[in-house]
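Here come two complexes built around chain A, the first alongside chain B, the second alongside chain C.
Then we have the complex of A and B:
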C-alpha cells in the first residue's frame, strides 16, 4: 500500500461540474440524434421527453414498489455474497494450500454468466426475490472474493509480525490484523459488487419476470409496445446506480479515510 | 366436477403481461376470486419458458402459456395438465406484415424472403409453415430470423427483415406507424380459431386440488364472459396491468378469449406439432387435461 500515491478525496466542486457537463453533452447528443431524425423517435424518444416521462414515474405507486423490489433483491443478494466471500477470501488469502485447492473450482465457476443460471435458479427458487437474490449473490461472489484475497496479499508484514510477537494466534490475528488491513480492498469489492447485483437482478427480471421490479416493468413496457416508458425505466435504473455509487463513495471516505492518507495504525 | 371447498385457497398465477390474460384482472377487480374463496397473487413471467420451471418449483400454481411449450414439456417428461383453454386465434390477432412498397402482398410472395419470428419452433413458426404450405412453399424457401415481438416493427422499418410475424399490439403498431401491408392474417384459413394458449398446472397439483381447479375455472368462465360480452371491459382493464395506452387498448385486435375445455379442438395442436416434427410421437390431448 505504501508504494501507491495517496489519492486525494474527491475534490467535490470540480468533479460535480465535470459530471454535470458530461450528462448535458450526452443529453444533447441523444436529443440531436432524434430531433435530426437520424434515429426514429419511435425507437429512441428524444432525451427531453424521456426525462419528462421519468419524472412522471415518480408519482406512480407501481414505480416505487418496483424500485423497492429490485433494490431489496439486490441488497439481499449482495449481503449474502459478502457473508460468504469475505470469510472464504480471508481463508484463501491466509493459506496457500487452501488457495491452491480452491482456485481451480473458483476459476471453473467464475466464467459462468449468472444469466445462464436463470433457468436453474427458477427451478430451484421460482420467479420471485429468492431467485433474483441467488443470481445476484452468485455474480457478486467473485469481485468480493478476489478483492479480499488481494487485500490479504497486500498485507503489511510488520503488522502481522508484530501481532505474532504479541502472541496472537492465527484466527485472532486474521480477525484483528488481516481483516481490518484488507477492509479497504474488500470495500472496493463491495462497490463493484453493488452495481453487479443491480445489473443481474434487473437482467433476471427482464428475462424471467417475477413478482415485480424494474426489469419486469421494462419488459412489460416492451410487450405493450410502450418504448418511451421502457426507456424511462431504463434511465431511472441508471440514476439509481449513480445514487448507489455516491452513497458508497461517501461511506468509503468516512470509513477508510485513514487508508487514503496513509495512516494505517492497525488499531 | 368437484364442487367442494377449495383445497388450496391462496394461489399464485404465472402470467404474461399481455391482453390475453385480461379475464384474470377482470376477475380480480370484480372480486370474482374472493366469491369462490380464492386469494390470487399474480407473477409476471417473461414467457412460457420461464413459467414452466416456476410451476415445477411450486412457485406458481397456475401458469398461462402457449400450448406448444406445454406439449413439448410433457414430451420431455414434465407432467403438466391443461385445466382450461384461454385463447384462440382471431381475425388480425396475429399477422404477417411487410413494408407498404415491398411488393409482398400475399403468401406466394414470401419465397426467398427473410421472416422474423419471436421464437423458433413455437406457434408463430407453426403458422408460418402452414401458410407457406398452402401457397405451395415450405420453410426451406424462406429464412427465419429470431427477433422478439417488441423489436420486430423496428427491424421491419430498418430493412433487417422483409416480413414480420407479430401478435397484438404489434400488428396495430405496425399498421399505424409504418402503414405496413398485411401479408397474411396469422389465424386465418385452416388456422381459423386455432387454440393458442391456456392454463396449466402440474399433475401433482391437479391431483391434490380438484376443487380449487374447479373453482378457478368457474371464475374464469364468468370473467371471460365479461371480457367478451361487456362493451368496453377489455379496453378498460388492459391499461391497468400492461403498459398499453388507453388509445392502444381501445383499438387493438383482441384474441378470441375462450373458457372451458374442448379436447377435440385442442387435439389440433399436438397433431400439427407432430406433422411439423416438433413432437416425435403422437400425443392425445385428452391425456393431458384435468379429470384424466
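Then we have the complex of A and C:
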C-alpha cells in the first residue's frame, strides 16, 4: 500500500513548521523559567537538561528491561482481554436478550476503577507480571466489549440477509459475516484498550513498588529525590505512548484500508 | 418498547442481578481463600461501616470527593477555555496541537512521580495530578467541537453585530457542547482512577487510603466494601454529569 498524497499539499508544510515552532517556544519557555531562576530547578529542571537525561536513559540497560517488563505485561493483559471480550461482544451483539441480561452485570462491574483492584491483585498474585496482566485484562475488557457490540449494531443488514439467503447458519454467519464487518470497530477498541493497559500497568507498578517495570523506576526516582530522572521517565513514557499510537495507526491503515467507516474516527 | 416488554426487561434484569449475587455467595462460601469474602459480609459492611458511618464520610468519602471536584473543575474550566480558543484559531491550533498530543500520550499515572516531587504529598499534589491527568480528553474534544461550528451560524451572528463575547457564549459554546460533554464523561472516570491511585501511594485520608489500609491489615471484607463504595461513587458521578448534560443540552432534544 502506498502513502496517499496529502489533499492540500500547500497547507501541510506550514502546519508542520508551526507545530515545530510551538514545541520550540514551549521548550524555550520552560528553559527560560528555570535559567532565570523564576522556578527552582528542584521543581522544574531546565528543559535542555531533561532532554539530555532522557537520552541518557537510552544507554541504560536497566531502563530497557523496565520498558520490556511494562510492555510485556500490557500486551499479555490486552491479548487476554481480546480473547474474552470479542467472543462475548459478538454474542451480545447477536442476541438482544443476552445483551439485556448481561448489561446488568457489565454496569455493575464497569464502574469499579481498575486501579482500586491493585491492593487485592497484589495480595492474590504478588508483584510480578500476572498481577499487572490481570489488572490490564480487567480494564481492557470494557472498551473492547463496547466497541465490539457497537460494531455489531452498525452492521449492514443486507450482508447478513444475503448470508442467510445463502443458507449460512448462525455460527458460520457470525464468523464469516459479522466478525469481519465488526472488525474495524473492534480495532478501535484495541487502540483504546492498548493505552488503557499501559495506564493500568504503570499505575500498578507505582503502587507495587517492586517487580520491575517503568512504574517501579518512576517510583524509585521519586523516592530518591531525583527530580530530573522523574521527569525523564515521564517524558520517555510519553514517547512510548506516541510510538504505540503510531504503530497501531499504521496497522489499522494496513488491515482496514478497505473500510471507510472504521477510519472516520480520525481526529 | 411496550409496557409488557418493559416489565419483562425489568424482571430479566432483576433475575440476573439476584443470580449474580447468589453465585457470588455460593462461590465465596465454598472457597477457603480469605481474599474472597461472602456478600453476606461485604454488603452489610458497605452499609454499616461506610454509608451510614460518620467517620467514613469525614475521613474517606468527603476528602476523596473534594479532590475529584477540585481537580475536575480546574481541568474543565481551563481546558474548555483553551480548547475554544484553539478550536477557533488556526494559528493557535497549529502551534499548540503537537505539544498537546505529546502530553496526551503520557499515561496519567506516569505523572504521579513528577507531581509528588513538585507538590509533595498533600492535597495540592492530588488535585494537580487529577487536573493535569483529566485535561487532555476535555481539551481535545472541545477543540473538535469548537471547530465544528457551522460557518453560516457564525456569519449570521456577525451580520447581526452580535458581540464577540455573546458569539462565544451563545453560538460557539452551544455548538461545541455535545463534544465537550463527551470529553467530560471520559474525564470523570479518569478522575476517579487518579484519585484512587494518588491515595494508594501517599495519603492520610480518602477512600483509596482506607482500601490500602484494609489490604495492609488483611481486612478483606472492608477492602471489598471499599471497592463497592468506589463503584457507587463512579455511578453517582456519572449520573450527576448526565443530569447536567441533559439540562444544558435540552435545546437539542426535538
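Definition applied: the second predicted complex is superposed on the first by the 223 of 267 C-alpha atoms of A that agree within 3 Å, B and C clash if a C-alpha of one lies under 4 Å from a C-alpha of the other, contacts with A are read in each partner's own complex, and residues count from 1 in each chain.
Basically, a residue touches a chain if its C-beta (ideal position, glycine included) is under 8 Å from a C-beta of that chain, and two chains touch if they have at least 3 such contacts.
Not measured: the values here are computed from a predicted model.
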Partner chain(s) touched by A:97 [first = chain B, second = chain C, both, neither]: second
Touched chain A residues, chain B compared with chain C: C
Touched partner set for A:26, first chain B, second chain C, both or neither: second
Partner chain(s) touched by A:234 [first = chain B, second = chain C, both, neither]: second
Partner chain(s) touched by A:198 [first = chain B, second = chain C, both, neither]: second
First (chain B), second (chain C), both or neither touched by A:216: first
First, second, both or neither for A:126, with chain B first and chain C second: first
Which of chain B and chain C A:147 touches, first, second, both or neither: neither
Which of chain B and chain C A:137 touches, first, second, both or neither: neither
Which superposed partner A:18 touches (first chain B, second chain C, both, neither): second
Chain B and chain C footprints on chain A, overlapping residues: 43, 118-119, 122-124, 206-207, 219, 221-222, 225, 230
Residue ranges of chain A touching chain B (in the complex, touch as defined): 40, 42-43, 118-119, 122-128, 131, 206-212, 216-217, 219-226, 229-230
Residues on chain C engaged by chain A in the complex (per definition of touch): 9, 12-13, 16-17, 20, 35, 91, 94-99, 101-103, 105-114, 116-118, 144, 189, 192-193, 196-197, 200-201, 208, 211-212, 214-215, 223-224, 226-227, 230-235, 238
Residues of chain B defined as touching chain A within the complex: 14, 16-18, 41, 43-46, 49-51, 53-54, 56-60, 148-150, 153-154, 157, 169-170, 173, 177, 242-245, 248
Chain A residues touching chain C - in the complex, by the definition given at the top: 14-15, 18-23, 25-26, 43-44, 97, 100-105, 108-109, 111-120, 122-124, 195, 198-199, 202-203, 206-207, 214-215, 218-219, 221-222, 225, 227, 230-231, 233-235, 237-239, 241-242, 245, 267
